[in-house]
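There are two complexes below, and they share chain A, which is joined by chain B in the first and by chain C in the second.
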Partner chain A sequence: MSALPKRILKETERLMADSPPGISAAPKDDNLRHFDVTVAGPESSPYEGGVFKLELFLPEEYPMNPPKVRFLTKIYHPNIDKLGRICLDILKDKWSPALQIRTVLLSIQALLGAPNPDDPLANDVAQNWKENQSAAIAQAREWTRQYAQ
Partner chain B sequence: MDMSSHPLLSALDEPAPFPSQYPQLRRLDRSMVCQICKEPFTGPVTISCGHSFCSACIRSSLEVMKKCPSCNETVTEGSIRRNRALEEMVDAWEESRPTLIDLAQPPRKRPAPPETSHSKASLSSGVKRARLSPTGSANASGSASGSRSGSPTKSRRANDVVVEEIDENEDDVLELTENDEAPCPLCQATMPISSIPLHIEKGCPPPKAKPKSNGVLGKGNQKADWKKVFSGQGLGGKTKEVEMKRITKPNYALSSPADLRAILSEYSLPTTGDKPTLQSRLQEWIILFNSNLDTSHPSSLSALRAKLAESESSKRRDKEKGKDEVVNQLASKDGLAKYASVKKSEFERLRREIIERDKRRKDAEEGKGDGKENAIEVE
Partner chain C sequence: MSSDGDNDDFVYDDEYEYDDGFDQDEEADEIDSTSEPDVYDALSPAIEEAPQKKPYDVTWKVKTLQEIIDMQNKEIKKIQSVLEVPPSSAAVLLRHYAWNSEKLQEQFWNDPATALQEAGLSPPSSPTTSTQPLPSGPFECPVCCMDYDAASLEKNTYAMGCGHRFCKDCWTEYLTGKIKAEGESGNIQCMEDGCSRIVREEVIDEMVAADVFKKYHNLLNAAFVADSPNLRWCPHPDCQYIIECNQAPTRMLDQLVPTVECKCGNELCFGCGHPASHRPVLCRVVKMWEKKCADDSETANWLQANTKECGKCNSTIEKNGGCNHMTCKKCKWEFCWVCMGPWSEHGTSWYQCNRFDEKSGVDARDTQAKSRASLDRYLHYFNRWANHEHSAKLDAEFYKKTEKKMEQMQNSGNLSWIEVQFAKQAVDVVIKARITLKWSYCMAFYLKRNNMTELFEDNQRDLERAVENLGYLLEQNIIDTDSIAKLRSDITNQAAYVQKRHDILMDDTLKGYLERRWEFAIPT
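Moving on, here comes the complex of A and B:
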């Protein structure tokens, strides 16, 4: 095990002792850079009632480089693709070392509450979302029921 | 919570936070923390937008992107300025933090004064004496005690005794200063007059040091303190051969491995490895070295070298271990399914936790508006 920066230890401890509402995260036993995460679907979104599994990995360069996060639970969302990859600016060019695991997970939860079909990652989902929003939302709700409950 | 006993987290030694009834102290505590490393500033510097970070933190961050981590404004390394006032503040805060934490704790239960002290009414000093008198006779000496408003006259054993102070010789009393010594009216322990009220407040604990040697002890401590100050300052004395001047970054694209080796050897650093290795070693060294010039508590060059060696070997170990293996595995559908099945119980546990906690929070919120603190913490 390589020496972990103190910041990661600190973040982990705070995250486990006092995680934000609807979010929990715990590091794997053998690798403190690799977290198992669950995020509850926000209220009054099509994902309400679902609990989504994610995995989060802190690269060697963290916090200078962003964590790698992806969904493990299937989800119908214009900004999340089949492989669970997430289109979120702070995970890419808008990353800042002042951000942390907590803020990243909160942003992901917010993304569930506010899908953005104009900046799509899953093109078919985004198109459906734009053309027939109510059908897309119904689909998202159905997937939540099927895979996230 | 059982999770905080994670074997890999045991190394963490966190200073205790301030109790939640002191939000202003918590805020002050947070303001001393660098937004990059989340630790109290080490060698704080300010950049052109006005935000401050540890020198090493912002230098590493600017290697990756030329933006302020807090406000996203474009900044260059040239705008880094040492912030001496902030450094002094952080130092002073770190020094006073334990005291403030102590003061912020709820007051401990006062121990009852020792029973025997009441029966012993022996008087040692002729200047000032205390007498235990039955409640009935309090009026007789009322005028004498009334003239000294600051003296402790309240009764600790209310049932039958009242403590009265009687000045036998008024002229002598007037010459007393706060530093003079007198016996405690309750337990007769000798101590400076100024500390008697506090001593009684605490319930007459036995004095820690012999009052007589107090002055001598104080001087001795002072001497030792000064010695500490001077020896602490003398740390940088060994490093004469290297010029303590900011290193200018070489143009890595145009530098040959030999050029990089020349700079590395100038600072007595290893010159092994290929160009990328040399480059990353030099980059990290420049960050360590330059940021070391931004603090009043610089590390020795050998300490910096050790730090560099440690981070390099740590990086190498990570690479050999193939950390991204798991991440790569997750990119394929089979790998993902496999991972999900292996970790099923873990996720189940997290899931239960999330649901339970939400329920608890909701219950609490119904009781009173509790969600406010969290909203602030989110930043």
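Moving on, here comes the complex of A and C:
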């Protein structure tokens, strides 16, 4: 494995020293491009009170290509599928090399606070979200209690 | 299909305007397509009386890549002088407005600042490159986190008018990745998150290697052709030409089959890019047919040959061994595989069904027949279509065989080279007619059953017979000089007849679209 680029070292350093509220990210011992991440559910969202585990991987081309991020904790959300994959524009075509791990994780946290059922990844969840929002939110709350606490 | 009065008299003339975004003034009168290729012009100037243009034919021009580049440059120059912007900005503006210069000018004069900004350019007051003073202290590139001291900033970093500064190494890596890996060209934006400033050509030239810059230009040209509804790349392998046709916009494709011929010698459909003529069938019908064939034909053939449907629940059943006493796995219905009637009526005559005419058996087969009818109908047309498709694929061999025969005729029949050309011409006619026949079966599959369709199928049958006869004549062996003379006149006559039948089918079908005579059993 080649030496870690300065950018990744600096980002890791800053993340460890001063992580955004409700977010933690630490590289694994055996692979410094592979991060264990936790994100706290935002207040007044159905995910409030839950702590969600994610994994984040910085590919060889980072920061020219976006990091790969996935939820490990089961979550009921229209833009996150069964496998934990996330539908978020900055992780795909809207990626900019000026974005960072920190900004990506903040965007994911924001996505929990503002689900977008019109751009769904998990079709069944999105449909439920649109047709019967209160039931969907109750379900999300239930899953948070069951899997993220 | 609704008919709005304008289209009833379908005539293409100079009044027919289709705004293609280009200056047509100087070009309006040259028409490439109706004249013969250069070789003929040189050899026989008498051919000037080009075949009369039919109302369903389109005119087109074949362009080289250089001409396409010139077209862009001409537009860029025009916009550059009208709007008084640098050439690279004119190019960015034109690309943003998909080369619609009228729309661009309208928007620009309405509000220049917004037009520039929306296209990803600096507002008119600010320059294209950042004029903000260079940072006085050391600078850390936000992308790679490398440090640059104040003295090397000018040389090693760069910021566009938006002021987002990055080191040149990162710019190079970023731009190379966008161009080579993602195939982007005209809309590569600043590296900063959320900044929509477009990276202009001269910046890209400065930052990337020569081969990447070349690829950038190829992508720009490809995007230009893709953005222009009146341009299309020739789809044939290794062909670099571009076809320009102003008469086949998408909305006309319900009435027109715009077959054109590229300078590489191959035909294509300008409407959908199909790499051969698919006349007389409309583009969208071809698309539907090809999708259906890709999905269904193999499976359908196999089902047809190997399975029957359960008389009760219609499950498809394959009998892969054992006796004729079948029990449907799904609904437990017991029946005879031979007569499809209920097994209970078979008594003890196992293994040997002699009940084919019994009523219950006939009924069971009737239901089955119904469920098979649509499949059979499809296979009927598909097999004829596929048969001609297959024959057309063998045309190289057909030519070879005919050439041999032509040699033979020259040797044994004392005919000159010119005198035996009739055979090759006949093969040309057969091949052309087979392609038309092939598509005519696709057409017939989708046509509603009515009188018009019957006329269509009459024409189709006449052509089919004529082609078969000609094919038969071309297969004849040459015995002696007398028979050669007779064969020659037979083939020539039959070829002329096939050509005539072909033209009738084509002419009638294509005119039928303009006259809205055809009714399709598909959603329009």
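Definition applied: the second predicted complex is superposed on the first by the 148 of 149 C-alpha atoms of A that agree within 3 Å, B and C clash if a C-alpha of one lies under 4 Å from a C-alpha of the other, contacts with A are read in each partner's own complex, and residues count from 1 in each chain.
The criterion applied here is as follows: contacts are C-beta pairs under 8 Å (C-beta built on N, C-alpha and C of every residue); 3 or more make two chains touch, one makes a residue touch a chain.
Treat the numbers as computed from the prediction; the structure is a model and nothing was measured.
Upon superposition of the two complexes on chain A, a steric clash is found between chain B and chain C. Using the contact criterion defined above for the overlaid structures, shared-chain residue A:P63 touches chain B and also reaches chain C.
In the superposition on chain A, A:I137 makes contact with neither chain B nor chain C.
A count of residues in chain A touched by chain B and by chain C gives the higher number to B.
By the touch criterion defined above, A:D36 lies against chain B but remains apart from chain C after alignment on the C-alpha atoms of chain A. Once the two complexes are overlaid on the shared chain, A:M16 sits against chain B while remaining clear of chain C. Chain B is struck by only one stretch of chain C after the chain A overlay, and of the options 201-209, 255-263 or 327-335 that stretch is 201-209.
Touching of chain A by both chain B and chain C, each in its own complex, is seen for residues 5-7, 9-11, 61, 63-65, 96-98, 103. Taken in their complex, chain A has these residues touching chain B: 1-7, 9-13, 16-27, 29, 31-34, 36-38, 40, 51, 53, 55, 57, 60-61, 63-65, 68, 70, 72, 83-84, 94, 96-98, 100, 102-103, 106.
Taken together, the chain C residues at the contact with chain A in this complex read 142-146, 164, 166, 170, 173-174, 177, 191-195. In the complex of the two chains, the chain A residues touching chain C come out as 5-7, 9-11, 61, 63-65, 90, 96-99, 103. Those residues of chain B that touch chain A in the shared complex are 1, 3-4, 6-9, 11-12, 14, 35-39, 57, 60-61, 63-64, 67, 69-70, 72, 310-311, 314-315, 317-318, 321, 323-324, 326-327, 330-331, 333, 336, 339-340, 343, 346-347, 350-351, 353-355, 357-358, 361, 371, 374, 377-379.
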